[in-house]
Amino acid sequence: MSIRLEHVDYIYEDNSNQKNYALKDVNLEINPGEFIGIAGHTGSGKSTLIQHFNGLMQPTNGNVYFDGKNIYENDFDLRGLRGKVGICFQYPEHQLFEVTILDDVCFGPMNFGKTREEAEIIAKKALLDVGMSEEMLQKSPFELSGGQKRRVAIAGILAMEPEYFILDEPTAGLDPVGRGQILNLLKRLHETKKMTIIFVSHSMEDVASYVQRMIVMNHGEVLFDGDKREVFSHQKELEEVGLSVPFYRYLAEDLNQRGFTVSKDILTMEEAKEAILKVLRKKR
Amino acid sequence: MSILQVKNLVHKYITVGDSEEDKQEVTAIDDIDISVEKGEFIAILGKNGSGKSSLAKHINGLLMPTEGAVYVKGMDTRDKRNLLNIRQNAGIVFQNPDNQIVGTIVEEDVAFGPENMGMPVEDIWDRVTSALEGVGMTAYKEASPNHLSGGQKQRIAIAGIMAMEPECIILDEPTAMLDPKGRRHVLSLVKALNREKKITMLMVTHHMEEVLLADRIIVMDHGRIAMDGTPKEVFSKVDEMKQLGLEVPYAAELAWQLRQEGVPLSETITTREELVEELCQFV
Amino acid sequence: MLKDITIGQYYKTDSMIHRLDPRVKLFGTLVYVVTLFLHKSPVSYVMSLLFLIAVIGISKVPVKFIVRGLKAVAVILVFSVGINIFFIPGEPLVKIGVLRISRAGIKTAVYLGSRLIMLVLGTSLLTFTTTPNELTDGLDKSLGFFNKIKIPVHEIAMMMSIALRFIPILTEELDKIMKAQTARGIDFESGGLLKRMKSMVPIIVPLFVAAVRRANDLALAMESRCYHGGQGRTKMKPLIYETRDFIAYLILLVFLAAMIYLGFFSPWR
C-alpha cells in the first residue's frame, strides 16, 4: 500500500522550444499514515510533484504506482484514484462554484458515486470538522472570508474521504488564527483518522511543528527526503537553495555560540522552552 | 504639518442579501483618528476583516468616509477636485500584482501613472527610468509582466507608483501572495525607499516579522484602533495581542513563555539577538 | 492544449515589422484581409501567400510559433472545409454512402481552407509584432474621428488592450480551475450532451467569478493611478511616422492595386 514514483521526469517546452525539467529523476514512496511536509522555493517543482500523486499530470518518463499498480496502465481507474488521493489546491476560488456551501462540499462525494443523502451526511461532517457552524451551511460560498473559503475548500476534498490528503500551501495568505485552525485540523485528521497528510509550505516553523517526514525540492530534483530533524540538520545546504531552518534552530545555534549550551537539534517553541528552562534550573 | 490626517473616520456599508430582512449595515471603520508625519514607516496590523484594508482605500480616495474626514497634505479626499492630486501624492500598492499591472510591457506599465497625469514625453521617460532603477528592475524594462515572478511583479507595481513621485505609499498586504524570496526583496525595497527617499510608508500586513521594519505599529480590531505605538511597545503586550487573535514575533513569544515560567526577561524583547543577549547573562 | 492559443500574444524580436508604426500595421492587416476576399483565381492566392511569407520572414517570428496558433482554430477549419467538400452540389467524383464529393466541392473547400488559414496567420501576425499598447494607440489615433460622433474610441481601445493582457492570465487560471475540479472527480467524458454541458458549470462559474474579481481589482488599481479616461492623457511612446512607414504604406497600396487588378481585370480571373 503506497504511492510510488520511479524515475519520474516531467519535461515541458517553453516559448523558445527549449526543454525544461520540472521534475528530474524523482524517486519517492509515500506510505499510509505518514505526515509529510514538502518545501522548496517557487519553481522548484513542488506543485508539479503533487500533481503526479493522483495522475493530474503524467510523467514524461518514469512510472507512478498506486498500491503496486501502474496508474497509466489501460485498465487503471484513474478517476477512482482521484477519490483516494485528494488534492486541495492553493486557491479555494478555483473550486467553489455551487449556490450553497453544503451543495459545494457534496460535489466531490457525489462524483464518486454517493447519493445526495449520503453525500449530505458526509459533507456536513466534513464542514463541522473544519470548524464551519451548522447555520453557515446554506450560505453562499462567495460570501465567505478568505480563511472560511479555504476551510470550505478543504472540506470539499475531505468529504471525498480520501486515504491520502494533499494540500498545496493551505495556509498562504491567512491570518494567524486561520493558519492555526487549518494546521490543527490536519494534525487531528492524521491522529484520529489515520489519514496520510502531505502539505506544501513555505513556513519552516509550520513544517517543523507538524510533520514527521520532510521532502525538499530544488530545480525539479529531490534534494532531501527524510525525518525532519535529519533534513533540518543540513542548514547550510538549505540556505544555499534559498530556504532556511526554523527560527528556534537558529536561536539554539546562537545560544551555543555564546556558551549557553542547549541541544542544537531544537525545532519548535516547546522544545526551545524546555531546553532553556532545563539549563536555567541547573544553574540555580 | 502631518502628511496624513484621519479625523473621526467612520465607514459603513450595506450588504444586500436575498430579501429585505437580509440587509445589514456593517461598520468597517468605527471612529478612527490617526496622524502620520512625513517620513514615518507605519505598519497596520489586524486580523482579516478588522478594517485595515478599508482604511488604506480611504487614504487614496478610493473609498469615501461615511462620517469624519481624511486629509492628504491638507487636501480633503471628499473634494473631487483634489482626487488626482491626492492619488498622485499617496499611491497605493495592492495585494495581487497581476491585478494592478495595466501594461503588457514593464516600462509601459510604469509609465501608466505619469501618462494619466498628462506629463510631457521626456519627463515620462525620465521618471520611468529612475523608477525602474529605484526598484532594481531596469534589466526587465522590455519584458512582459507575465514572465516575471510574483516578487518581481510586485516591484514593478511599486515602480508604477514611484513614477508618480508620491510622498506617501500605502501598501495593502503587498507580500501576501509572494514566496519567502519575493517577500524579502519587496520588504527590503520598501525599507530602502523609506530610508533613502524619505517616502512615508503605510503597510498593511499580518506578518509579525515584517512589522519589525516599521517605526510605528497601529493594531486594528473591529474597525477601531486597539494599539498604537513602537514595535517594542506593542509586542511587549503579548496577552493583549493574543486576545486580538494576533501573533507576536517568535522571539517575543518565546520570551513571554519563559517569563510565565518565572525567568526574569524584559518585556521589550522582539528579536533573536535581544533574546540571546539576555539569556546569556544567566550563564 | 491551452498553451496552443497564441492568438493575441506578442512575440518579441527585433525586426522591421516590429518597428513599423502600428497604424501602418493596422492598415496592412485591413488591406490583407480585404484582398483575401477578392480572390478568384489560384494566381491571387499564390500572390497573397507570397506576401504573407515575405512578411513572416521579415518579422523574424518563428514559423513554428505562428503555426501553433492554427491548432486553436483547427476545429472550425475542419468543420467548414468538411461541409464544403460534402455539400457543394456538382458531378460526384467519389461516393461514400450518402456522401458525395464533387469537383466543385473540392475546389471550394480548398479555396475556403486556404483562405481561412491565411486569414488566421495574417491577423495573428499583427498581434505577434505589435504590443497591445501600440495596438491600442494605433486604433486610438487612427479612429480618432469617431470621437466626433460620440463613440468613445479611447475607452474601447483601452478595454481591448486590457483584454489582451488578461487572456494569458485567464487561460492559466482556467487550467488551474480544471485541475482543481478534476481532482474533485468531475466527469467530462461520460453522459449525453446535456450532462456534459452541465459538467462545464463547475469550470465556468469559478472562471467567471475570478474574471469579475480581477476586473474589479484592476479598476481600483487604475483609478488609484490617476486614470480618468483619455482626457488630458499623454503618451510615453507617441506615434510619429517615419520614412519606413511611408515606404510600407506605398508597398501596401501597390499590393492592394495588384490584387484588385488580379481580382477584377486580369485574364486569369
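Each chain carries a letter (A, B and C) given by its place in the written order, and its residues are counted from 1.
FYI, a residue touches a chain if its C-beta (ideal position, glycine included) is under 8 Å from a C-beta of that chain, and two chains touch if they have at least 3 such contacts.
Note that the coordinates shown come from a computational prediction; the quantities given were computed from them, not determined experimentally.
Student: Graph shape for the chains shown, where an edge means the two chains touch. Line, ring, star, complete, or other?
Tutor: complete
Student: Name whichever of A-C and A-B has more C-beta pairs touching across its two chains.
Tutor: Spelling it out, more C-beta pairs touch across A-B than across the other pair.
Student: Averaging only over C-alpha atoms, locate the centres of chain A and chain C and give their separation in whole Å.
Tutor: So the centroids are 42 Å from each other.
Student: Just give me the whole-number Å value for how far the CA centre of chain A lies from that of chain B.
Tutor: Centre separation, chain A to chain B: 30 Å.
Student: Counting only residues that touch at least two other chains, what does the list for chain C look like?
Tutor: In chain C, 213 touch at least two other chains.
Student: Multi-chain contacts only, two chains or more: what residues does chain B have there?
Tutor: In chain B, no residue touches at least two other chains, as defined above.
Student: Sort out for me which residues of chain C touch chain A in the complex.
Tutor: 11, 62, 64-65, 173, 176-177, 179-187, 201-202, 205-206, 209-210, 213
Student: Using the touch definition up top, name the residues of chain B that touch chain C in the complex.
Tutor: Touch list, chain B to chain C: 57, 60, 62, 84, 87-88, 91-92, 94, 96, 98-105, 107-108, 111-121, 124-125, 128, 142, 144, 146, 160-161, 164.
Student: Residue numbers of chain A touching chain B in their complex, please.
Tutor: Those residues of chain A that touch chain B are 41-43, 145-147, 172-178, 202, 205, 242-244, 247-248, 250-251, 254-255, 258-260, 269, 272-273, 276-277, 279-280, 283.
Student: Once bound in the complex, which stretches of chain C touch chain B?
Tutor: Going by the criterion above, the answer is residues 10, 12, 131-133, 161-162, 164-165, 168-169, 213-214, 217-218, 220-228, 232-238.
Student: For a test of understanding, state which residues of chain B touch chain A in their complex under the given definition.
Tutor: So the residues of chain B touching chain A come out as 47-49, 149-150, 173, 176-177, 179-182, 206, 208, 245-247, 250-251, 253-254, 257-258, 261, 263, 272-273, 275-276, 279-280, 282-283.
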